[in-house]
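A short write-up of the structure that comes next.
In order of appearance the chains are A, B, C and D, and numbering begins at 1 in each one.
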Amino acid sequence: MMDYQGSLHKINKQISVDDLNGKVANYIPELANVPEDKFGMYLTNIEGEGSGFGDCNERFSIQSISKVPSLTLALLTEGERVWERVGVEPSGDPFNSLVQLEYENGVPRNPFINAGAIVICDILLNTLKDPKKEYREFICKLSGNSSITYDEKVASSEKLTGHHNRAMINFMKGYGNINNDVEEVLDFYFHTCSIAMSCKELSEMFLLYANHGKLLSTGEEILSAKRTKRLNALMQTCGFYDEAGEFSFRVGLPGKSGVGGGIVAIYPNMYSTAVWSPKLNEKGNSTAGIAALEMLTDITGCSIF
Amino acid sequence: MMDYQGSLHKINKQISVDDLNGKVANYIPELANVPEDKFGMYLTNIEGEGSGFGDCNERFSIQSISKVPSLTLALLTEGERVWERVGVEPSGDPFNSLVQLEYENGVPRNPFINAGAIVICDILLNTLKDPKKEYREFICKLSGNSSITYDEKVASSEKLTGHHNRAMINFMKGYGNINNDVEEVLDFYFHTCSIAMSCKELSEMFLLYANHGKLLSTGEEILSAKRTKRLNALMQTCGFYDEAGEFSFRVGLPGKSGVGGGIVAIYPNMYSTAVWSPKLNEKGNSTAGIAALEMLTDITGCSIF
Amino acid sequence: MMDYQGSLHKINKQISVDDLNGKVANYIPELANVPEDKFGMYLTNIEGEGSGFGDCNERFSIQSISKVPSLTLALLTEGERVWERVGVEPSGDPFNSLVQLEYENGVPRNPFINAGAIVICDILLNTLKDPKKEYREFICKLSGNSSITYDEKVASSEKLTGHHNRAMINFMKGYGNINNDVEEVLDFYFHTCSIAMSCKELSEMFLLYANHGKLLSTGEEILSAKRTKRLNALMQTCGFYDEAGEFSFRVGLPGKSGVGGGIVAIYPNMYSTAVWSPKLNEKGNSTAGIAALEMLTDITGCSIF
Amino acid sequence: MMDYQGSLHKINKQISVDDLNGKVANYIPELANVPEDKFGMYLTNIEGEGSGFGDCNERFSIQSISKVPSLTLALLTEGERVWERVGVEPSGDPFNSLVQLEYENGVPRNPFINAGAIVICDILLNTLKDPKKEYREFICKLSGNSSITYDEKVASSEKLTGHHNRAMINFMKGYGNINNDVEEVLDFYFHTCSIAMSCKELSEMFLLYANHGKLLSTGEEILSAKRTKRLNALMQTCGFYDEAGEFSFRVGLPGKSGVGGGIVAIYPNMYSTAVWSPKLNEKGNSTAGIAALEMLTDITGCSIF
């Protein structure tokens, strides 16, 4: 069995957050207030054994990482029809881009850019009875932890400043790709982004995607193996805004990042890992997070490629 | 050991090229003349054992599949400096697009779109003494077959009709990203595309990328494991023009397609496979080829995800 | 003195609305209900003498024609600072385009596309005490007719369906180019568009722009000659969405169209004219309106060129 | 009669080229060598009387100003069919933009951007027997001066560096909008741009467009009044790359600029004027030239608006 604990130890020793460039996300006060020297990482292997370092037990705003469970829940409740309203191609453009949305008639490129995740939330508003309650319960179930919940302050902050998202949703509504009231959809979307989790909790939740769609604890199949393959493929090609190629090139694992500074990555059949450091590069991805994951696949000599 | 022969047998029985849509590439006469019912597939596993069906021993124009050995040779002769002149991000746009090239000052998105491969050829013109001779020898060495060569008719045809490529190279020269005479670069580029190989030969050549960069026959390391990882990652995110997401989503393997109707795909540590059927979908990828590869990962239940 | 009455007579005889292609705007019910065979035209010369034909006394929704008095009022109350928030270049793109807005950081190309007029309305909300009341009074003053007012049904309809405008205003707010509450700005903007006027009333109002900025009735200078020149120049280059070149080429006069089917055009020192026919071409301009104005400058042999 | 001489005198006194920003075009050595303090202006009124100041008799490279006589000659030899291959709308994008060309299938926006003028040259290669000879003779005829000719050094320089133009022409050829050999078309195009004329000569040549298409000297009708109107309208909306709106807004006259630092402007029925100063603003238009023309319409209080 691979010595992941030793690898994490090396990463912890070699990466100094202070030496890395990057800026904490400042578009909402709740994110801007996070100390920039936070740094933690946790890895859970397919046997369920975990190890971590630093701030790996401190919760942070998972932000866009929530786009993965959102899509998962939409697939469970709406099925393959979701692909009629959102694509599976990398966007190749900055994450708020309206250009492609315009050229492609209001159908977002993929479910992991903001526009796509908003469409997914619109779908969930129709397929769930009590969306916020059921969404939270779903996250708790996947991670085996009933205490995970929304950070209402973060959700409220985003509502006040989410002009770009509000522009996009109205734009898509103009094309007929939003069914519900735009403010209701945005309220739900901002809540999904505001979920607070630690690296340990995230790595445990994402173990599902490394385990062919089954919960490790109970063996329950949440997603079929085929759907899990597809979700992982999407994380690989679309999980890092317009830096997906770079992440794939350097790290070689499917993953998803969030502007809260978190990144999850999974190695099918092997492990799930999460890293957190709030300083972001200009593409909106955690600088130390990417460095740590690159070091992980370098040290272990293992990636999906 | 997985029964790949049985899987290929099923694919051969179930896929009927006649039933599939698609059009043979018609932009040069030499490609348009290929009978549209050609269909073959070959798989070589990491033990070196192979099996195939149909027209798997007939040579065809590998076209853009050549972009992979071109990049490989450029990395061997020029090193990591190639990334100063070409990116690693998916393009998200049709394969002849000049838009991104314009917004990004003449630096192509990645080495697997035409613009990027042309820059790679410009690099090779500087790092090789006798580019056409050495390139052919490199292909022969990788595939263990000294009879592979250029199809001069195809190369000449492209020269007469390659207006889009000629537009792109002049555009990049305007930005200073082409060092050699444009006609000389294009002549070399069109030759690399004109290489003719069979599915069997392609699957044997690409075994290198499934074998951590080592030739199976001799154990010689052509590429380091790290560079092999990166090349595979690039095939995953950029190997299918603006259908990379779709291919990754459906098939779940790194690969590369060409407008001659060929597709190669590799499963690291497991196998390399090539399929050929000249009818292309509207994105320029072989319809039957994608269907066959999707069936392969479905039947075997195995992909990198 | 030119025989404008004779020219209009010929136009009335030669143009048959039934024979022309085009579709009545259908994005809001209030506009879709207008009978498609309506056709009227009115011309007021610089002496104040007028003549018209057809439905020239029936009021219709002036829609984007209101962007001209909106800009005029903004210049009077805010001065040249308006140009810090909106440009003076033709857009070259369809009238709802968000692409340019994105590339140009939320500053609309000119005040005669929707995004630009929305910024102008945002300015007016700050410079006027009772915007709707004062705006209506301004229109009444310019046209010498106190009965002109908003069509509340049209204004309400637009509020329900104005997703593209709502997308744009949120987008611009994200860039800091909207100061007021977006719904308040849109409510005011939709009201300005809903103003109902006849061809006769429009031609009388726009005489101002043919008369170097002075009201013909009283001689009062509303705009300086220099500002009038600039406003006319803007109508010339930006008054017809992405058909400004075509209109200039065929008609050779500054003007402004609206999706209600109205077009105004002015010939400095000579006349102001308005034409109405609700059938629109694919660029959103009245088919019969453009034909009538082209005929007018052909018959009279006079344009600004 | 308006005192144009007095106006030019004021302009000469008030505008100091040294105080204005701007850079001499440096993309070819022949243009870069022109002293940056050159400044001259000439105005010819509709009576044929002229006045000027400064370097108004020194010849310079007219560059894109040649696009106007090129279009004129194409209309005379090919007629209205030219509009099947080139549009009449402002481009709204920088003058080398390939983006719009791509979205609009190889049909340039208008004949006054490079791509459009290249199509016009392609047309002339088919309609003229000895293109270079006949083109020069046409220029000489319009200006009443048989000594005007090409600057072969400038033409040769452009051939060596014209990568963007070479990109565009190949791109258009890919769309089928170029009939002749690309190098032959470019050679002719670069020659048209290399014509050397003085402000006095330019103002005399462009008097045609202020005189309803007739040569002042002989009364010969070169262009019909209708075509002259259309050409002037095109200069108004498309004569200044992506600064056409700004020029129209500030100056209020149709005109055409060139990167040699020349600008011509005409006031129909009144005058034709040309100004030269090689320091260009970032849009590629002469800084002092625009300032001088704005001052001219301000001082005289007269523009087409």
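Methods note: contacts are C-beta pairs under 8 Å (C-beta built on N, C-alpha and C of every residue); 3 or more make two chains touch, one makes a residue touch a chain.
Remember, predicted model here, so these are calculated numbers, not experimental data.
Q: Trace the shortest chain of touching neighbours from chain B to chain D and give its length in steps.
A: The distance in steps between these two chains is 1.
Q: Could you state the distance in Å from the CA-based centre of chain B to that of chain C?
A: One centre to the other, that is 55 Å.
Q: I'd like to verify one number: the distance from the centre of chain C to the centre of chain D, where each centre is the average of its C-alpha atoms, in whole angstrom.
A: About 32 Å, centre to centre.
Q: Distance between chain A and chain C based on Cα centroids, please, to the nearest Å.
A: Going by mean C-alpha positions, chain A sits 47 Å from chain C.
Q: Mind pulling the residue numbers of chain B that touch at least two other chains?
A: None at all.
Q: Can you work out from the touch definition every pair of chains that touches here?
A: Contact pairs between chains: A-B, A-C, B-D, C-D.
Q: Can you list the chain A residues touching chain C in their complex?
A: Interface residues on the chain A side: 97-99, 102, 163-164, 166-171, 173-174, 182.
Q: With touch defined as at the start, can you tell me which chain C residues reach chain D in the complex?
A: Interface residues on chain C, with respect to chain D: 87-93, 100, 109-110, 225-226, 228-230, 232-234, 236-238, 242-246, 248-250, 252, 254, 268, 297-298, 301, 303-305.
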